[in-house]
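Structures incoming, each one as structure tokens.
Across the two complexes that follow, chain A remains constant while its partner is chain B and subsequently chain C.
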Partner chain A sequence: MQVMQQDVKARVRAYIVDNFIMGGSADHLKDADSFMETHVVDSTGFLELVTFIEEAYGFAVDDDEMVPENLDSLDNIDAYVRRKLVAA
Partner chain B sequence: MLLHQLFEASVRRSPDKEALVFDGARFSYADIERRANQLAAALQQRGVQRGDRVATFLDNSVEAVVGIYAALKCGAVFMPINPLTKRDKLAYLLNDSRASVLIAHAALKAEFESALGHNHSVHSCLVVGCREDAVLVDKRCLPYPQPAAAHAAHLVALPATIDQDLAGIIYTSGSTGDAKGVMLTHLNMVSAARSISTYLELQEDDRIVCVLPLAFDYGLYQVLMAFLVGATVVLERSFSFPVKVLETMARERITVFPGVPTVFSLLMNLKTLRDHPLLHLRKITNTAAALSEEHIRQLRGLFPQAQLYSMYGLTECKRVTYLPPDQLDIRPTSVGRGMPNEEVWLVDEAGRRLPNGSTGELVIRGSNVMRGYWDKPEQTAERLKPGPIAGEMVLHSGDIFRTDAEGWLYFVARKDDIIKSRGEKISPREVENVLYGMPGVLEAAVVGVPDAVLGEAVKAFVTLKDGVELSEREVIKYCLSRLENFMAPKFVSFVDELPKTDTGKIKKTGLA
Partner chain C sequence: MERTAASRLGADALRIDCEAEVEKISRWMVDVVGKALHRRGVIIALSGGVDSSVCGALAVRALGKSKVYGLLLPEHDSSRSSADLGAQVAQQLGIAYRLEHIGPTLEAIGCYRWRDEAMCAVFPDYALGWKSKIAIAGGAQGRMNFFKLVVQSPAGEVFEKRLPAREYLQIVSATNYKQRIRKTVEYFHADRLNYAVIGTPNRLEYDQGFFVKNGDGAADIKPIAHLYKTQVYALARHLGLPDAVCNAMPTTDTYSMSQGQDEFYFALPYQQMDIALWAHNHQVTAAELADALSIDEAQARFIYADIEAKRRTTQYLHARPMLVEPVHEAGAA
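Right after this comes the complex of A and B.
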């Protein structure tokens, strides 16, 4: 599957804005911001985020991949998803 | 004995012992003591006096621990506020308690700055983790004082605190929708910490992992009890990444693992759980909601090296009962008996004490029972009623239990309609109040529905005004922006009308 550079980040950002940020003002959410530290996503929110990624990109997120290095910012998700898609 | 004196005794006994591990950093008892003294001196210099309320609005962190002991050292009352709290409720909590000081994380700035705009009681807001160039709009805000290496801080004056004074106020959801501040004296908290650490047989060499928020009394007491016995707390920010927590638990040789059913469900869903052997684990504790028999069986299978304690509690007295692990095979669904230095019994509707084998409301008598709800005499009178000795008050829990022939307790039901989700108490009224404030919503009714991971999930039934269209997600997001995250509905069902009683009140029976 071909994924354009900006595509993953924009799509996940849109999902986060739609589902977790009131009023859709995500301008202050920077690509490197930790969702956890900025309180954008909480513990059950991460489970929903994982389900979204699995459905959107068609791969399963393994238990051991559910770590902040893969999921706790737009940058991290972007890198993780593209790594997984290349491997697939 | 005062609550912070238990900690100070451990400091004197073993100043170099590891007290706290957080985010890779290690703090000895002397380190925590020094930081608490410095903050206490800073609070006193800013005018904090005996009995003043010092609120903390912090994620799990070193500052959240230091803040508790600093407040106590200068005679103040600590008041932990869940960092998931949104601006309107935060303003309510600060106003209701007339807090003098707020200690808050910079990441929560949008919420606390807005709340301070509606509050006049706070004279100082110490902001943790704010950058030097950060713009703090409210003039009462100032950066949290940097801990100094040298032991230079001294209190201007030692407060005259006694154990009848308040140590903490912890807010809890009530069926009326407004949160109530549970007033706990030093005696209350010292008694609870001693009783619980006694039956758990906590030891100085225990290493306790805390994934629960310190703003929740179950999390808070992990620190209070560890510091009472001189043990070590390995504090985690949350349980958002279970595999990370498991790695930490293995690396830190954790011996005690306190959790709630949702934490254990998430853990048992991991396929790779067995890749993280927890060889040092001695005790697992559960409270806030009951574990199912199936979960108990699975947990014991996964961690045969650990004893499992089923417990039941209320913020109003901290803990009520525990089931000794050797009883788990005999009566797996029991929450046990009263803890040491506490008496519990069941009463009927008329308040008469019931014999074993009955069903009735649970009553608690002990030094751990709260002083009452802050500024809420009527609600206090519903819970605290005269006890067997003239002048004493006992706690009527509002929870219905049954006893077996030997007096072991089994939870039956709550008398009110409070929902328990993720181990947290949720007032349907509080959620409904927010829904009624949403443009387009005509009526709302909120109930709990069974959920495999959450215990109960919040479900809202909503009718809309004519011509209005809303999506489920829009409603959930609206609630997320105004309520602690765990209170927001997981499901929203749009209906044409809600069932009503003859008097026109919304009838919730049958809604699911």
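Right after this comes the complex of A and C.
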């Protein structure tokens, strides 16, 4: 299954805008920005984000994959999702 | 001479003059209960733990035993010893107290039903007779914090699984009924007697947001919110509270399986967590903290990051209701 880079980022960005910023502007959120450092996503938010990723892309996020390198920016999520889908 | 990290973060860092602290809190309590709040005494819910026991003893020192009313508020998952120990403390303090079992109220409002429904969604075999608890994971290892549901079958088999967001939130919100119903009972008696309600968080709990908004977080006075847990234990010994209180390990007393507070919420046992929080508040480097706790520097950095993450996540718990613009005439502090 091939997933275009823009597709993952756009989908996750749309989810974050809808759910965490209540439809407000996310123009300031760059693809490489840390969600934690920019205070866009808190710890409960990461649980919600993981559930969204699992349901949207059909794979389980393992406990040891719950790391900032996989989840703490649009770039990181994009790379992580593509790795998981290739491995599936 | 410059002090080493080990000495800066040793036992001295958290040592207090207990009698001076008791005097300070007593004077403050007399002042705020009478002059600021215009109440005639205080309500203290006694869990049998060290925080509420110390708060009760401080209130008696400050106001006298006739102005302190104790409540024992167990529910179905409370450990058997909590109400017994609470009663022992009340009797030692010589205060009037009352036991009200809140289990039937929690049943009626759906606390256990909502909780069990979410637990069954994760473990379909979970049923009456099984025990459960929630355990935190991740933050102290540099991962995102997440929560695991741990269940134990009647045969003693233990299973655990990471909680999805939906089930995690439902279990926590259902069990939060426990703290909120307790607070409702506390305020009934406070209104009835024209008393103020004591909140019992220590500094770790207050700083890191380990309380339920409008539950145990609701109170008129919080006499030990500035004290580290280690200091609260020191006060307990100084005030002559029962050994079972002075030696009790902190638990949540909220889930049916036994559960330490560090397992549920904090990254480390309280003694180390106290040192880590003190160190972070006093700009001690991660390397120095690592040295003092005999952990590696990366883990010390993770602990500092976790302290900050919990502060950010729980700001909402401390926040007053948001207003479009301030209403100064209402006398907001």
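FYI, the second predicted complex is superposed on the first by the 86 of 88 C-alpha atoms of A that agree within 3 Å, B and C clash if a C-alpha of one lies under 4 Å from a C-alpha of the other, contacts with A are read in each partner's own complex, and residues count from 1 in each chain.
Following the convention adopted for this analysis, contacts are C-beta pairs under 8 Å (C-beta built on N, C-alpha and C of every residue); 3 or more make two chains touch, one makes a residue touch a chain.
On a predicted model such as this, the values are computed, not experimentally measured, just so you know.
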{"item": "Chain B versus chain C as contact partner of A:T44, first or second or both or neither", "value": "both"}
{"item": "Partner chain in contact with A:M36 - chain B first, chain C second, else both or neither", "value": "both"}
{"item": "Chain B versus chain C as contact partner of A:F20, first or second or both or neither", "value": "first"}
{"item": "Chain B versus chain C, judged by how many residues of chain A each one touches", "value": "B"}
{"item": "Chain B and chain C footprints on chain A, overlapping residues", "value": "36, 39, 42-44, 46, 63-64, 66-68, 71"}
{"item": "In the complex with chain C, residue positions of chain A that touch it", "value": "36, 39, 42-44, 46-48, 50-51, 54, 63-64, 66-68, 71"}
{"item": "Chain A - residues contacting chain B, complex", "value": "18-23, 36-39, 41-46, 62-64, 66-68, 71-72"}
{"item": "Of chain B, residues touching chain A in the complex", "value": "59, 83-84, 107-108, 237-244, 270-272, 275, 422, 454, 473, 476-478, 480-481, 485-486"}
{"item": "Of all residues in chain C, those that touch chain A in their complex", "value": "137-139, 142-147, 162-166, 168-169, 309-310, 312-313"}
